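Heads up, the next two complexes both have subunit A, just with different partners, subunit B and then subunit C.
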Partner chain A sequence: MPKKYHIHPKLMPLNLNSLFKFKIERGENCINCGKCTKVCIYEAHKRGKDDPRKMADPNTMVCRNCFRCIQECPRGALEKSLDKDFLNIGGSYWKSDIFITLWKQAEDGKVPVTGAGYRGPFTGDGFDSMWTDMSEIVRPTRDGIHGREYISTSVELGRKLNHLTFGDKGQLLSQIHPTVDVPIPIIFDIPLDNLSPNVKMAQVKAAAELNTFIVLPVKEITPKIGKYINNIIVLLTPEEIDKHQGLIKNARIVALEYTGKLEKQLPALKDKIKKAGNALTIIRVPVTKSVEGIVSRLAQGGAEIIHIVADYHGREIPESAGESYRIIKDIIRAVHLKLVDDRIRDEVTIIASGGIAMAEHVPKAMLCGADLTAIDLPLLIALGARIYEEPEKIIVLPDGLEKITVKTVKQRMINLMSAWHSQLLEVMGAMGIREARRLRGETGRAIFFEEIDNETFGKLFKKRETKNV
Partner chain B sequence: MKPSTVKIKKMPSRFKHQVPKYKVVRSSACISCGTCAEACPHGVHERTEGHNKVKPPIDYKCIGFECQNNDFYCVAKCPRKALSLTVNPMYETLGDYRWTADMITATWIMAETGYPPERKDLEYNTGNSGGGFDKLRLKFPAGRPKIDKFEISTEIPLNRRNDGRAEIVISTPVYGGGMSFGSVSLPTMVSKARNATIWNTFTCTGEGGYPEVLEPYDNHVITQVATGLFGVREETIQRVKIVEFKYAQGAKPGLGGHLLGEKNTASVARMREAVKGTSLFSPFPFHSVYSIEDHKKHIDWIKEINPHALVSVKVSTPNDVDMVAVGSYYAGAHIIHIDGGYGGTGAAPDIAKKNIAMPIEYAITKVHNFLKDEGARDAITLIASGGIRSAHDLVKAICLGADGAVIGTAEMVSLECVRCGNCESGRGCARGIASTDSELADLFNEEWATQRLTNMYHAWNIQLVEILQKFGMKSVRELVGRTDLLEHIDYSE
Partner chain C sequence: MKLADKFRKIAGDIKIIDKVEEKEMYSQDIGDVPAIMTKTFFEIQPDFVVQPKNAEEIKKVLVFANDNKIPVIPRGAASWGFGGVIPTRAGIVVDLSPFRKILYLNVPQKTVTVEAGARWSDIDILAKKEGLCLMTYPSSKFSTVAGWIATGGYGINSFRYGHLSQQIVSMTVIMPSGETKKITPNDPEFKYFVSTEGELGIIAEVNLKLRDVPQGSYPHLFYFPDEKAGFSFIEKFVKIKDVQNINANVIRLLDANHLTDVNQLMHSSVFKKSAGVLLEFGSIEEDQKFMKYIEQSGNMEEAPRYVASYLWNERLFGMKTKRLGPTILASESIIPITKAAAFIAKAKKLGADFGVEIFIDSYIIDEKIALIMTNFLCDSRKKKYIISMPLVSMLTTTAIDFGAEPYGLGIWNAAFINHLYNNEKKHDLVAYKAKVDPNNIMNPGKFFGIQSKFMNIPALVFRPAIFGISMKMMILLSPVIGKVATLLLGKDEKIDSLDFELTTHACAKCGNCIAVCPAYLVTKNEEVTAKGKIALAKKLIEGRPVTKEEAENVFMCMHCKGCEEICQTNLELMTLWDALEKRVESKFGRPEDKISAFLKKVDDSKDYWEMVERNN
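Let's look at the complex of A and B:
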């Protein structure tokens, strides 16, 4: 049994945020009787520090929406509403509630557990239109009594052989390609440009501690950061390969951006990289209408790892304005199925990114057909960042973040990944799947809204064809 | 037992104020003439004799914009135009997509009065989730109903196997879901049992043991055998008429029960034979069940220990829930209870509540049809739960193929739960429903809670009977599987 993979969360509050969901206001008719201090079990109401004859302003940060103060105030002097600043963050994809849960996970590293049933919409776009399956009575093939200590979340990156060839005497003729193992199916994507040095460093260190990877443009790899080359995917242009032979020699993985030209150059470029060292190559393909064709051609052309990159809300990048777009769930499925049709799916690794916002998106992306995922924004949200989608994408980092220690920033990211890892274990445990690599394209263990709704209600209620037709 | 014999009594909120839907504002133009206080029959405006000023309006009593048509509409009556009426921003902080603020408010009214609300401004039959029950509508036939309400029966039998075991009939096709001692308070548990007795139906202990105080209600209690086997003893199995195996729970399919340490107080720990203060996670799955044959062994074991009891099997809703249901039938179960993915819980990982297993609406159809094809449908009782929030949901579930339903959250809301979702940790429920904290668990008494539950059941029964009457049916059993009485707003004309 290999050593078990552990992530170590640590409680790590970051007192930069003062955003809350509920706003409680004390009206002028408050008679300072103090009933609210007695009924609130979360201590949102206290008497004034300076003047205990008066009530202090309610501390809405701790409000858990139980309504007791509202309902028990003898004067009805308290009013509550949804905080407008809170409602404004995010947008149609990054819903404001996502921030609350990610902030909390980054603080304590735990799986969010709450009471009461699910409270959201029945379905939604993309990943919200599918459910993962579970095993009711577990077959003995499952881990069963051993439990989740035996679930492995690791995945392999690299080219695989379609089959093995043996010689007359039974000797192995095929040359096995090298692969790289990542213990969680999540890598860190290219960080934003304008991050402060402590945040940049913390991201690299977090990737190293998790033993996963971070994609970094070659210009970002200073000697200090270069120490973590084992966990860095070096992003460069074909022209830069010659200049950075030393870096490539030490790297385990490098990445190239897709261009039209690249398809032809690929074999030559790979040779060049192989000459410098043992690094595997990722081709990053922006998601457009033709993505599955491109990915297929790259796979046929010998690409090892292909990273499909959708935009930050998991959408395809339209070729012209106003065009319709697909979303990440359907994009991954299309790419996966195209490769299956071309009988080459098992030979390449697919990384998917864009719109991976919550823990559940990781197993769902994998069920749709990705081998692993890449994330960027959740790591910043872990630090208290806010994203606004409208009227245009804006990312606001909290004031004073540049002064927080690398250790704290790193731990927040580790905490978030710890919570995501544990949630992945929950989902896999429920599914009765013991190996994360088996999630890939396992649509038999997923329930898709369009299919089941049509199968159930479509069949029952669709207007029957008129007789005699 | 006839539902018409159940005694209804008004049982108001235990709080001074309720959550208002509207906001009535009195501006400084008010001259305290008292016209509004005289006009409003709902008591929004009050003027105490001898006081100079009219009191601030009591928002929650206001019936809202529909009042405009009344001649006592205060905004219009005020001689100084000092009153205004708006929607209260506070209302947005109550409820969610599944349980809307209107639905919660209406359930409170039902629990208070025993009848569906007379107000027309509350949409309480469907939620706002945009799928499943919320997209299904009942298709009532035209014309006047010809059936007398008093002829209509809402009772259903639970044992359809003809196996010589107890022939249990419940008077309304609903019973209370399993909530363990530990997850909810003792008064909550006892009130649920008392209500079940009044309604000649059942409640369920959940998996935290069988508190002695439930003894007087033994005939209306289902005891649960769940994966943690907390508090399961031979004598608890022998006390009851129905024993339920809980394989999984809709809110957290594939995971065991969760009781976080802070809620595991001394008395809870004693009942569960566990150590106080430690978090208790039931395992998943039953480690003695790896096949349907093992499952049969389980059922045989219960049948051996209690020769009269019926056996219910509670499962969640994976893709192969239909196979599991048929397997349970062949293993000898009397009741197959399917709990959908959007069901309630006292503590579950958020990721599980939203993402694992299918919503109940699909599962009912799947299981009903599969049992029918297998020729087993008439010999087993199909109970649905996990998102049955209103009488309309209940009717829709039955039309899709269930015999009856189990409700949990609706009962909690009757006891004035606001679905804030903080039942899992700390001292538990701030409102005293799902808490074992010595102070919080005493926030209400059993008389109050029992009557609230009885009232809510009564309101649902009234709605159910009215619906059956419109459909021209004499028994709720005629409704089972009648999908032709439903339409879906996405697919139907």
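Let's look at the complex of A and C:
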């Protein structure tokens, strides 16, 4: 068996002003008895450095919300409340809880636990209305997710054959297409425009260390960054292909934005790229109402890899304002089922992006039918970025981020991916799936709330409700 | 060889305190008698202080004292102001304040066994967890059990449950010879150990009766045009209360001056400027019966419930008025209810002659008598204090003229002994003392005969005959002496806010802080308590020499704010500690190692965590 893929997290605090979910406040009636220092296993409470007779301010950063200090304080002097700033960040999709979870993951690369347990809700919008079937948990794994049991998270990018053809003498006639392996089903999508150089560099280096890819517009690929061409997906327009022959020669994958014209030009463009080197080609298709039609046509037309790009909160881009929209989970399913109907699903690779915010969104997107996912915002959130959705999308990076070393920034992204990787292993182990590529479209291993809700209660209530109407 | 060293040889692990600066705390009590005066009369500095941990150790001390014929002075919280714990001829102070464990709470029998130094407040907290609570308790609830047995005995709830001695099941007493005796109220010897101020033996252990926690607290406050009207209402009520079966726990009278002071302390005008009678009941039924009685009595002016509740809850902070002083002087006596109003009128006139305002606090003890406190504010830092102090004795003398008994003797009231004990009783006491304490080691020089330095001439003042005549003369001449003194030295004005210096004077030295201080619990050193630190602050402010070791005690503090919470006089102690620590740090540096050793000791102490949990 090949060597196990492993990501190495490192504790990497970022000493910038970041947010806490909870604010622990020490009341005036604290008697400095130090009981909290004894009961807190996360060391949120310590005696003062300057004067050990007095308690230091609680370190909310490490608090995992177990409420033990609150319960045990002999004076009831400790109070815990949701932080006001915390409540303000996030919106309908990027909820404030997501930020805390990602920050914590970026901090140490561990899967965060919630001290007092999860109390619900157990269903919600989007991916939250989808449950993975963990029925394979029959016993604790013998030695944990990083133990002897072999679970592969790697996926293959590229065109595959529907079937093989052989000649009369048994010789293989079909030409096998080249593919590229990625050890995790996650690539980094195009970074934001205005990032500082250290963050840009760190993203590239992180992609390289993880041995995955980062999508970069061709103008961003400076000679310094070009060294990592093995892990870069070169994004260019059809017109730029001629100009960047050298780059394409070294690249393993290139990407083209979808335009109406592209469908016709595709065979010619692919030939051009093939002439320059061995790079695979990704077609990036923005998600609109007609996305499954476009994807289907591209697949029929010989596209190898198709990247469907929803907006930042996982929505379809409406053609006119006020129109209803689908969300990423349903979009992926629609695209997947269309390709299945067309009997071409196995031949192309589908990358899904937009609204992939948490570790569990990766296997869920794959269960819906994607081969792998692409992320952008979580990498910035790992650095303390905040996202406001209302009244319009604003991304706020923490002050002083440009002064943080590339090493620190990179490690936080690695940590985040390490935590996601661990969770992927965890979820796959529980589902009894040992290869990530088998997750794709495996809806038998998923439960969709709307469906079972309808199955269970539909007959009882839905009918009556319609009757009344 | 020094006595302390001699004792150390046989002491085993009895804790001995003999450093001069540490002993200083043990040469005074709550009373504001200038040390210069006590020092002139007596040898107030003990030879050494011991903190015994059990009866055996107390015995050892007594045997040693008998062998060497040196005085033994038992001491509790020192929250009684008549000099009962002040040594008169040096000797050994037996500090029973750290000897404070609650040994056994017998829930079915509703009794509790405690060590001598157990605090009333601690017993109440612990008992309440089992649905029980104290019967009669002192208004200084943070004082020690044995201390109150040896001195007072009338306090909150005594109207309902009688004198404290009626609630003692038994007590273990260590006789001056070192012999241990368990005595019950049926023993003829019992009376020799109640209110005898530690002159006949040391109380080591006490078994007390408790009662069920009452349903609730239902206080009422009624206003009366003057004390006379107040007392005549009380007189009527106590007569019918048995007929109509209305059981009040407490009946208390406060005069207009007292209520005005409370207003001033609160910076408000919640209370009416007239005399008030506060009554408290323990159940709705009692409360309703009482209200029916009030309806029948016609035109009564009652304060709102919250006002009555406030005053009721303030009962444990009787010395809060000291903030306005910073000194408070008081005369306490037990007087027939029928004479109370007349006495108060006379006392107020006497006060007016001396330019002070007398305020009254009175607890009704039973159908016939009341404990009455005539208090006034003054300033121990001023010259006029010299003339204010004898006023206390004049007030007591006046009360006695109205048929009162003094409430406690100590040093300063020793001259009133004939008014407390008739000849027969006195001879009985003297005979018993001679029998059990032939060497006269137990707290000598108090009411059995004050003895002072200089061939005993100064002590003549405290001889009943001489004292009585001189007091009578002064009262007679008070319109002249008082007015001249007031004219020359000014009136005593109330003060509004306290700076650090005034704070040190406003400290009542009541010892409440000692009862709740975790640092004291662990170090057993009074110097680390608020009381001790204020004494240190006073020294620093006055520019007296302070050693490094002594000063460093200020850092042995958990900053738990317990002292501030419990402070009688509501002093802003935390800011004072910050200032004091800063000052000591600039002078001697900060003893980091000592502090961390202290923290470790606290953290390792089982007693400490028990205290933390108890007050939970």
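By definition in this document, the second predicted complex is superposed on the first by the 378 of 469 C-alpha atoms of A that agree within 3 Å, B and C clash if a C-alpha of one lies under 4 Å from a C-alpha of the other, contacts with A are read in each partner's own complex, and residues count from 1 in each chain.
One rule holds in what follows: a residue touches a chain if its C-beta (ideal position, glycine included) is under 8 Å from a C-beta of that chain, and two chains touch if they have at least 3 such contacts.
All values reported here derive from a predicted model rather than from experimental measurement.
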item	value
Subunit B versus subunit C as contact partner of A:54, first or second or both or neither	second
Dominant contact partner of subunit A by residue count, subunit C or subunit B	B
Which of subunit B and subunit C A:33 touches, first, second, both or neither	second
Subunit B versus subunit C as contact partner of A:74, first or second or both or neither	both
Subunit C-contacting residues of subunit A that also contact subunit B	29, 74-75
Partner subunit C, residues of subunit A touching it in the complex	28-29, 31-35, 47, 52-54, 74-75
Complex contacts: residues of subunit B adjacent to subunit A	13, 15-19, 56, 58-59, 89-90, 92-94, 96-99, 129-132, 134-136, 247-248, 250-251, 253-255, 258, 260, 283-287, 289-292, 294-295, 315-316, 318-321, 324, 327, 341-359, 361-362, 365-366, 386-387, 409, 417-427, 429-431, 434, 440, 483, 486-488, 490-493
Subunit C residues within the subunit A interface of the complex	518, 555, 557-562, 595-596, 599, 603, 608, 612-613, 615-616
In the complex with subunit B, residue positions of subunit A that touch it	22, 29, 40-42, 64-68, 70-76, 79-82, 101, 111-123, 131-140, 144-145, 147, 358-360, 364, 423, 426-427, 429-432, 444, 447, 449, 452-453, 456-458, 460-463
